[in-house]
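Remarks on the structure that follows.
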Amino acid sequence: MPEAAAKTDAADEDRCITGIDGLDRILNGGIPRGNTVLITGSCGTGKTTLSFEFLLHGAMHNENGLFISVTENWKKLLKNVIPYSFFDNSLVKSKKLILIDLSSIYQKLGLEKEEFSMEDIDIIVKAVGDIVREWKIERLVIDSITSICFQLKTKEKIRDFILSMGKNLSDAGCTSILVSEISPGEQSYSMYGVEEAIADGIVLMANLERRGDLLRTLQVVKMRGTMHSRAKYVLDLTPVGVLLVPLLKGGSVAGGI
Amino acid sequence: MPEAAAKTDAADEDRCITGIDGLDRILNGGIPRGNTVLITGSCGTGKTTLSFEFLLHGAMHNENGLFISVTENWKKLLKNVIPYSFFDNSLVKSKKLILIDLSSIYQKLGLEKEEFSMEDIDIIVKAVGDIVREWKIERLVIDSITSICFQLKTKEKIRDFILSMGKNLSDAGCTSILVSEISPGEQSYSMYGVEEAIADGIVLMANLERRGDLLRTLQVVKMRGTMHSRAKYVLDLTPVGVLLVPLLKGGSVAGGI
Amino acid sequence: MPEAAAKTDAADEDRCITGIDGLDRILNGGIPRGNTVLITGSCGTGKTTLSFEFLLHGAMHNENGLFISVTENWKKLLKNVIPYSFFDNSLVKSKKLILIDLSSIYQKLGLEKEEFSMEDIDIIVKAVGDIVREWKIERLVIDSITSICFQLKTKEKIRDFILSMGKNLSDAGCTSILVSEISPGEQSYSMYGVEEAIADGIVLMANLERRGDLLRTLQVVKMRGTMHSRAKYVLDLTPVGVLLVPLLKGGSVAGGI
Amino acid sequence: MPEAAAKTDAADEDRCITGIDGLDRILNGGIPRGNTVLITGSCGTGKTTLSFEFLLHGAMHNENGLFISVTENWKKLLKNVIPYSFFDNSLVKSKKLILIDLSSIYQKLGLEKEEFSMEDIDIIVKAVGDIVREWKIERLVIDSITSICFQLKTKEKIRDFILSMGKNLSDAGCTSILVSEISPGEQSYSMYGVEEAIADGIVLMANLERRGDLLRTLQVVKMRGTMHSRAKYVLDLTPVGVLLVPLLKGGSVAGGI
Amino acid sequence: MPEAAAKTDAADEDRCITGIDGLDRILNGGIPRGNTVLITGSCGTGKTTLSFEFLLHGAMHNENGLFISVTENWKKLLKNVIPYSFFDNSLVKSKKLILIDLSSIYQKLGLEKEEFSMEDIDIIVKAVGDIVREWKIERLVIDSITSICFQLKTKEKIRDFILSMGKNLSDAGCTSILVSEISPGEQSYSMYGVEEAIADGIVLMANLERRGDLLRTLQVVKMRGTMHSRAKYVLDLTPVGVLLVPLLKGGSVAGGI
Amino acid sequence: MPEAAAKTDAADEDRCITGIDGLDRILNGGIPRGNTVLITGSCGTGKTTLSFEFLLHGAMHNENGLFISVTENWKKLLKNVIPYSFFDNSLVKSKKLILIDLSSIYQKLGLEKEEFSMEDIDIIVKAVGDIVREWKIERLVIDSITSICFQLKTKEKIRDFILSMGKNLSDAGCTSILVSEISPGEQSYSMYGVEEAIADGIVLMANLERRGDLLRTLQVVKMRGTMHSRAKYVLDLTPVGVLLVPLLKGGSVAGGI
């Protein structure tokens, strides 16, 4: 980890600890507070689970979390997280962790259209910002930004949306994860190619075929405001949550550790 | 199978046992009930046969099944399944297994158009939901979702269709398989790239050239609500139905079990 | 041929014997009667010759054949088949083998347009069906379906055309070959990507460079209603017709035969 | 040359001998008379030189030739052929070899448009046919068909053009070469992908990097009406004309002949 | 470094020293003054950090610098640079280093549109030129040009914009860096393919996987007005700034220094 | 150089000697007079330098040269050539070498549009032809043709432009170089794919990674009117100008001269 040198103890206060084994070490202490991080990968690479664990870890340590579900009903989503031992439903009941469907926000705003205008973007960003401030949210996940982009359509509007959303959240002191869906085999970090340029960080989650098995991998491609490793890690979805192991120690090379 | 640890006996009740040799083991007991699973692959990879065996296994164990045929007449389709020893025509006669052509549903609904609107989607989803509830269907197969997508055309509408269809079926306690057709060599899991993001599970069926032969393979890329293996298996279409063998034991590597 | 087990003698009656050395063995007795088979490949891979031999073999055994020529005048086409020893012109004279240009059908129907409508498709399908019934055709070849698709243009209409054509022919007890043209190096089985999903069978004909030579290969990717080998065969166009040899015995691996 | 068996002496009369060393042997005696052959390749692969030598060989043996120049002025083109020892200007003077610019035909027909209609195609085809008949042309070269396709634009019209041109020429007993330009690295045999399906023969000319040099290669992919080798040959443009050497004897493999 | 021969001491006066370890040596003394350099690469390759260090080095040596932030608020950007030891905030305070958001320039000019016209381009170029002259700017960074291109849309306008911007800046004696964003795996040097043809220099920043790690690389593809190395260097983002090491000495080849 | 045999001393008079070390030998004496040569390659491959040296060599030997600068101001361009020892400014002063910006020609002709018509093309070609005749230009460079193509837009117009420009220049006895810009990794010889079909010669300039370095290479793909080597050469931009070395002797293979 040759980029780790400049870290001081003081820096820790400015970090949002993910609580995910390995990731905080990769990031040299966690995500810099206020950053907007794009977690990008194809289906089944563990984006939602990792994002959820990030929120739960915060909620357990008294940082309010907000999960905005875009592609599906949050209740169904929750059901899939329950089996993990890191899940604690009392956090949901006590409102330390709030789950909302974006469609319900759209409904309240009267924004049920096929394509959003620049003005609509401002309204949505403000609405999310209001929720974040009202509930003192410190950690936010939008799963996924890609589904929102379908309704924005132009690169210009996508850029504006992520930019003003990111600024609004950052101003509110909120650390955010935007989940991005890409096709397997896709070389880009996002579907429209602009999402990644605006994000403060990019975490790439991918599949890796090895000896007939399909491993999950994680790689921090970029993270503003911190030194970090850019090595590829193998990601395991275990009952106790996400676990990261350096790729070289993942079984394919003898004499590891 | 390092992801299998958290499974308890109680979980079995929540599983929809496919009855396909190997697949239930891969899925750690079967498909989580209420899940919408995308079975995706190019022509001739065995998608329809596997889906049919899934329905028949349920029907034999008193779970009503519904096969909605989109690309062709269900009667012709049935003819191709009859040679399999797992087929039992009495299940069709006793209405434990119901086969419908989607075109006949369209006809009843007066929906014979080139492109569907959002409202049409609601009508179709409701119609399918009504059939599921009326006949107490617990297992559903739509073969294929891709043909429906041709008439939906935009990613937005495809997303909405799969989402509301999935929710409707899940609410009715029905476990569903959506067959997705992709081109051989296609890297994506679906033709429009959005189908996979909404599904609870993705089963990838593919071809693999080995020593001049064209093997069929199966891989569970994602399955919400259960730990599962992500390894690639060789799939054989035998007279007794679908059979799965780990790729490494498939003949190419000596010394297997 | 591990998929051959379920075959019984009785099944033979339901098979349309192609008469092509090796292909009937690959198909475990021939093409299941009533099937619509897509023969797909780039230029010069032998699609037309194989299709023609299929028709001639039928005609010689008292099964009437119809060759619908789409891309060019059937008279010119015939000239190219004459050198083959399997060709017997008396079959053409005795109307056991009928050759028609699609353009002449279009002319009779008054359908000389740049793009066909859904209604036009119905008219064409009915016209072909009428010919099949009138002349008691049991084997049909359309060479090529791709040229027709140029005038259908949308995936929707192509799907409808192949579907209703296939159903009409199958109802008439006719076994059909649809020739599909793809570019060399094309990964898909057809130009529009929908043709293959509707066909009952897919026979892939391709080129294979080996030691500076350009071999022709044949592979049955899919065939509904029969167990079949999916191995790749080398195809030779010999004076006595199409000849198939397993790829491994084709000269590249020692110790064959 | 395993496909050569069926050839008889009588067949020679039906062959159009190209006079190009090696090519006639590959084609088992020459191009079947009346065939329309697509010679396809990227820039600098020798398409024009080979086509010209084909015409000159005919003219020397009393078969009138017509070269229709599409991309540039035939006078300039001629200048580039003069250095070859096979060129004999008296053949041009005695009208055994006629050179015309397509633009001059367009001018006479009053067809100076950006896009041609179906009717325009008929007019052009008839005009070329008239020249062929008037001058008793037995060999024709159009260099290149690709430039004409730019003005036809749709696959439908290109198909119709090549089809009716080919039929017209074939009816007049004329053997024709259509030069097709593709990009280097292009997998298809033509720019629009339909040209090759209609041609009776495809001769693929390409580049091959070997030890830092850029060899020219020739391969007969398809030729209706004759058995032929499909092996890849190295093509040399020597002062005495086109020369073909089997690839394996081209210097890269020891112990040849 | 075989291209370095012609360099004379006098030339140094015409060079804009980047202050980045290794880069000045690669460039044989620095960027030729007045050049417009495209720094191109995907996310996380260090484009912004390198550009910033270039500005800071100038400011420390009394050359005024201007950073025009396009994709995001410059204040946020600044925060990410602060940890680097090369950063000296007094340079910002003393206006040796000026940071502006392009959006604020747009606002002043009343140019808040979705697409810019040729006239708008002239207005923007003039406005930037005025700032450069007013503040005696000698080093300029626009981060990124790609976001501006989204609003120019046609290759024609992008070409005109970069051309007239470059000319205006060069006339003012200003050395400029235009940051260009490309997708990972992209072969081109820019998103629209025209940006690179107009720039005086191209510095390609990329990722390179090696033993599971993701190295950053830098390569000077082109630089008008100077001999330069075109070798690939490994780029490290260290607390003291950008550091370049020849790729062969980067750890993968034994026997390095 | 197996293609060099037919060359006679007399031929030298018909050659335009480039003066570039190695290139004249590759071309067997130089570019055939009156040829229009496409020099194609991505950024930084040395196209402009090579073209300039070609002009300067002519000017020094009393052949007037014209450089039409399309992408940028010729004064800036000149600055970049001055460091080369082959540059002699007196040739510019004495009008042996004339430099013009295409934009100034456009201005005079009143042709400042976004898209040119066929008529505009005629006007531009005539204007260039007039300059060539008035100043007795024997060597011309247009840098780059690609920028002009942006304003022609259709393949038809690009073809017409290059064709009539080439004819006009050839009629005037002028040997011309058209610089073509392609993306790195691009397989085609030009952006629109038609430029190369019309040119008399194609010189491909590319990059080649070798041991971490980025070599420049040159390859004469096609040259009408002369035998030539088609081997790949390494190109060095040295202070004394362009230098060509056969690739195999470029350092990667031992035992070279």
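Worth pointing out:
Each chain gets a letter, A, B, C, D, E and F, in the order it is written, and its residues are counted from 1.
One rule holds for everything that comes next: a residue touches a chain if its C-beta (ideal position, glycine included) is under 8 Å from a C-beta of that chain, and two chains touch if they have at least 3 such contacts.
Predicted, not measured: the structure shown is a model, and the values here were computed from it.
Common neighbours of chain B and chain E (chains touching each): A. To overlay chain B on chain C by their CA atoms, one rotates by 60 degrees, a value rounded to a multiple of 5. Taking each chain's centre as the mean of its CA atoms, E is the chain most distant from chain C. Taken over every residue number at the interface, the positions common to chain C and chain D amount to under half, indicating a different-residue contact.
Taking the mean of the C-alpha atoms as each chain's centre, chain D and chain F sit 30 Å apart. Note: centroid distance chain A to chain C, computed from Cα atoms, is 52 Å. If you average the CA atoms of chain A and of chain D, the two centres end up 60 Å from each other. All chains join into a single ring; listed from chain C onward through chain D, they run C, D, F, E, A, B. Chain A contributes residues 42-44, 71-73, 76, 79-80, 83, 85, 114, 144, 146-147, 150-151, 181, 183-186, 191, 207, 209, 211-216, 236-239 to its touches with chain B in the complex. The touching residues of chain D, when paired with chain C in their complex, are 2-3, 5-6, 154-156, 159, 163, 166-167, 170, 187-189, 193-194, 196-200, 202, 219, 221-222, 224-227, 229-232, 246-248.
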